[in-house]
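We just call them A, B and C in the order they show up, numbering each chain from 1.
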Amino acid sequence: MIRRAVRFLDTRTASTPLLRKTLRYLFPDHWSFLLGEVALYAFMVLVATGIYLTFFFVDSTHQVVYHGSYAPLRGQHMSEAYASVVNISTSVKAGLLIRQTHHWAANVFVAAIVLHLFRIFFTGAYRKPRGLIYFIGVTMLMLALLEAYMGYSMVDDLLSGMGLAIGYSVGLSLPFVGANLMAWLFHGPFPGQAALWPRMYIAHVLLFPILIGVLLTAHLLLVALRHHTQFRTTSSTSEHAVRGVPTWPGQAPRSLGLLFGTAGVLFLLGGLVQINPIWLWGPYHTYLSTNGAQPDWYLGWLIGGLRLMPGFDVVIGKYTLVPNPFWGGAAFPLVVFGFLYLWPWIERKVTGDTAYHNLLERPRDNPLRTAIGVGMAAWVLLVFIAGSSDRVDVWLDVSYAKQIDVYRVLVFVLPLVVAAIAYRVCEELREGERVAHDQHEAEAEARLART
Amino acid sequence: MRRALDAIVSAVVLALGRRRRRRRPSKDAERIVPKLPSDLGAESLVLALLFLTAVFAVGFIVVYAVDSLPDHTQLLGATIGLSLLCLAAALIIVAHRLIVTEELVEPYPPREHPYEQELVAKLVEESGDRITRKRFFKLGLGAAGGTLGLAAITPALSFGPLFQTKYFRGTPWRKGVRLVDEDFRPYRASDIEEKDFYTAFPEGLSLDAREELGAPVVLVRLPLDQLRLPPRLHGYDAAGILAYSKICTHAGCAISLYRTPLFQPDEPRPALVCPCHYSTFDVADGGSVVFGPAGRPLPMLPLTIDGKGFLRAAGNFDGEVGPGWWGTRIWKPNP
Amino acid sequence: MKLAALVGASLLLVGVAAKPGGLVRQGDALYGQYCLSCHRANGEGTTTPRTIGAAEQRNQQQQQAVAPSLRGVGALAADFYLRTGYMPLHKVGLQPRRSRVLFTEGQIRALVAYVASLGKGPPVPTPHPQKGNLSQGLQLFTEHCAGCHQVVAQGGVVTGALPPPLEDATDVQIAEAVRIGPYVMPRFSKRAISDRQLDSIVRYVDWAKHPDNRGGWGIGEIGPVPEGLVTWFIAVVVLVGLCMAIGKKLKHA
């Protein structure tokens, strides 16, 4: 029966040679190579649950009075968008499950990309000839952040509405062009005209998913064309031959298992752990706000940046060159993404290494890269943690203002310390291996000498 | 009878598996996937997991249908989640114990294909041989393509007023407009008590128009001996009642925190605070920033009290409302 | 029999007549023991600092004490500060917090009666949350309270103070705090928030103690911070574990 199916395929598509190559394509075997797949499967869950949600969401800021089943909101004015999401969460069967799974999937999607990025960075997988793949990957991370931000801002609840105002202000703070750009994007100053919501909606459900999908396809295709990198696991591993598990039968059940495992974890979270209970927040109005409002975790580094900056605008005469939000909200991510994009080129320039690399390095094998990477990560992480210092104040009773003062120094000093420590650790680990290797050889010699 | 016996034997064989494998020695020699012994324990485990997958999936369908169940979302998530995880577990066990995980070696594809590169380059070069003025052509194509591209994106300008910043400069406040609360009731000066804060909008604004950043103000009253307004803001208060824009000058959140001491000697001074990044504005001295990242003081709306005791705006704000942009300090909201 | 009844009735009358006076006197004694050093005689308070020494209810070091006048604050304020443990204050100058209640029910009643006797002030309020409207309560709470206390009353931060979460606040305490404006909280009079509106607010705060968590484990009802923690410490841990169960570990050559 299998033979009949394959024959059908071959006669209709002439693709059996390609199919054979694909089925025997080799996947080097290491658990950290699966992190990118986790991101891919989270993306699939996002698309599937997202399509479901599009059938219920209303992308309109037209104000309505709520008369639904959720009592604490009855009689209140809110946008149709918010009302539709309250409806999904309270009146559509399985609606809340799908909505929460979608949001958990977004959180996990970005987390998996970040972990995957760490793996790529610290093993040097981005080196020639895979620089283009890396470039596409960093772009997808940026798109994922924007996509997720738009996703939860579309709900027009109190928390995300505040976040949208802040995003607008960061856009406004871009020197020279900020106000014009934002007026263009929002169709006027905040809160924008009626056209803003359909704009965000189409970007979120059509344009960005297509963009990410196309880039993802290119990303995976390029990996397949150049074949996957590998660790040096035996003395015979070389730059010229890839050792791995073929797609069929070996890799397929593992990848499928990871797919269903990821989906299972996401649906379990979607049903058991509440996320973004927008019915509790109430609808957004520009003249309302609440304490304890935070962006989703992957934008937490930006709220940290915004909160840490001392209060000043850069002014030349009467011209406001750099309003304050620029530093924490735009300059900071610009530096971080700039670092990510430029790093392969910087490394090539500094080390002079322009060779092709199919073999990966362990983090300890390249102490300088590891130290710099750890330092950058520590910087971003510290700013991120600083961003939640008000909740730390509530939780641990440490004055918010004092924390900010401490973080202002810590975010620049600690990464240097951490980088230095990481460098030392790498050197020590390698030295330890060298000693162990020498000892092993000496003992072998000794045994030989005895006989 | 015979059929029934056959059916029973088939079912038993299906459940227990075949212990003896058919020997086909000639086929063994030309196998692609190497042979490894069977693992009945793993097989049974996988079958059990597949069965569980099905049970949970059916459970999901049942839970969906019976929406009178409490914790509906939790049950839905648990059933479908566990179903998927059982399937995942089954597949992973198949991967580890029921199929052959070969470790094969094959060459990486060549770094370059110099011959094909040369062919492609030659093909492109030679095909342009008939053109004599190559430079001009490149210029022409560049101009044509560039301008056509520009024309293609020009309609995107309709998205919004890219070149108009006048929309940033207005507010709905005018001289003489009364201040009203959320329920459209006008505020009397006597309504405004010390140690409390009130949200006010221009009278006559629709609910939609109230969402403009220039619309909401926050009203507070300070004893006259506590006022320290700078010269440019003298007279902006109405008998100690002060009106500040409710929109933070840092990043546009509504300022909904009013810090007001019950006992002045050992408590912080009165201030309006924003919950987003904790920009703190001193209310007694015209809204100066005393903590936080705001780069500009809070704009003030001048107030008067009319003959009937109602609060009215005496003009527009003393500076631009809302988060900063390049023209924030150049213009003031029109009178 | 009749004589016994007459004696009993007159004793009762005397007892009733004596009760308020007795309570105030008892309160006066307690005031002298716990409140006098800061709030001074007759609750007049002081704005000039005076050194006070250690006492069982205070920080064991010497402190400079200032305190507001209690004249006219009424039973409402005394009841609030004593039942929450805000007073006696452990250390002068710090924000009063919900803490140990030093007094028995009888002692509290006595102190409240004493403070009420210091001048005409508001009585202990009697809110009726069941008469309030939940939706109106959410709107009023968002407008007046959520900026400091967070929209589901999980507490928050203001520069220089810590607005507390409200899960331990009783109905009466909520009503009292609204009318007092303790520490740096605004004071909402009946003019700003009517008694009926206050009923709705109290009803909402009560509801917010057990909010609608139909999505599952509420993880604190403050949004993205705990959600991020769950993402990294539960989801990522499980998924990385899954990857490690599927793939090989590194055996470097």
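FYI, a contact is a pair of C-beta atoms (placed from the backbone, for glycine too) under 8 Å apart; a residue touches a chain by one contact, two chains touch by 3 or more.
What you see is a predicted model, and the numbers here were worked out from it, not measured in a lab.
Student: With chain centres defined as mean CA positions, report which chain is farthest from chain A.
Tutor: Greatest centre separation from chain A goes to chain C.
Student: Measuring from CA centroids, which chain ends up nearest the centre of the complete protein set?
Tutor: Looking at where each chain's C-alpha mean falls, the closest to the middle is B.
Student: I need the chain pair with the most C-beta contacts, please.
Tutor: Summing C-beta contacts for every pairing gives the maximum at A-B.
Student: So how far apart, in whole Å, are chain A and chain C when each is placed at the average of its C-alpha atoms?
Tutor: Centres of chain A and chain C (C-alpha means) sit 43 Å apart.
Student: Could you put a whole-Å number on the gap between the CA centroids of chain B and chain C?
Tutor: Result: the chain centres lie 36 Å from each other.
Student: Can you compute the centre-to-centre distance for chain A and chain B, using the mean CA position of each chain? Integer Å is fine.
Tutor: 13
Student: Among the residues of chain C, which ones contact at least 2 other chains?
Tutor: Residues 143, 146-148, 156-160, 214-216, 242, 246.
Student: Going through chain A residue by residue, note those that touch at least 2 other chains and give them in order.
Tutor: 29, 96, 100, 254, 257-258, 261, 265-266, 269, 271-272, 288-293, 390, 400-401
Student: Residue numbers in chain B touching 2 or more other chains?
Tutor: Residues 72-74, 77, 88, 92, 95, 199, 254-257, 275, 278, 291-292.
Student: Would you mind writing out the residues of chain B in touch with chain C in their complex?
Tutor: It comes out as residues 72-74, 77, 88, 92, 95, 182, 191, 193-199, 254-263, 265-268, 271, 273, 275, 278, 280, 290-292.
Student: Help me check something: in the complex, which residues belonging to chain C touch chain B?
Tutor: 47, 66-68, 92-93, 143, 146-148, 156-161, 180-189, 191-192, 214-216, 242, 245-246
Student: Can you tell me which positions in chain B touch chain A when the two form their complex?
Tutor: 33, 64, 67, 72-78, 80-85, 87-92, 94-95, 99-109, 111, 157, 159-165, 167-168, 199, 201, 207-208, 210-213, 215-216, 246-247, 250-257, 274-279, 289, 291-296, 322-330
Student: Looking at the complex, which residues from chain A come into contact with chain B?
Tutor: Per the stated touch rule, the residues are 24, 26, 29, 63, 77, 93-94, 96-97, 100-101, 129, 162, 165-166, 168-170, 172-173, 175-176, 178-191, 193, 199, 225-227, 239-246, 249-250, 253-254, 256-261, 263-272, 285-293, 303, 306-313, 315, 318-321, 323-325, 328-329, 356, 358, 390, 400-401.
Student: Residues of chain C touching chain A in their complex?
Tutor: The touching residues are 134-139, 142-143, 146-152, 154-160, 162-163, 165, 204, 207, 211-219, 221-225, 227-228, 230-232, 234-236, 238-240, 242-244, 246-253.
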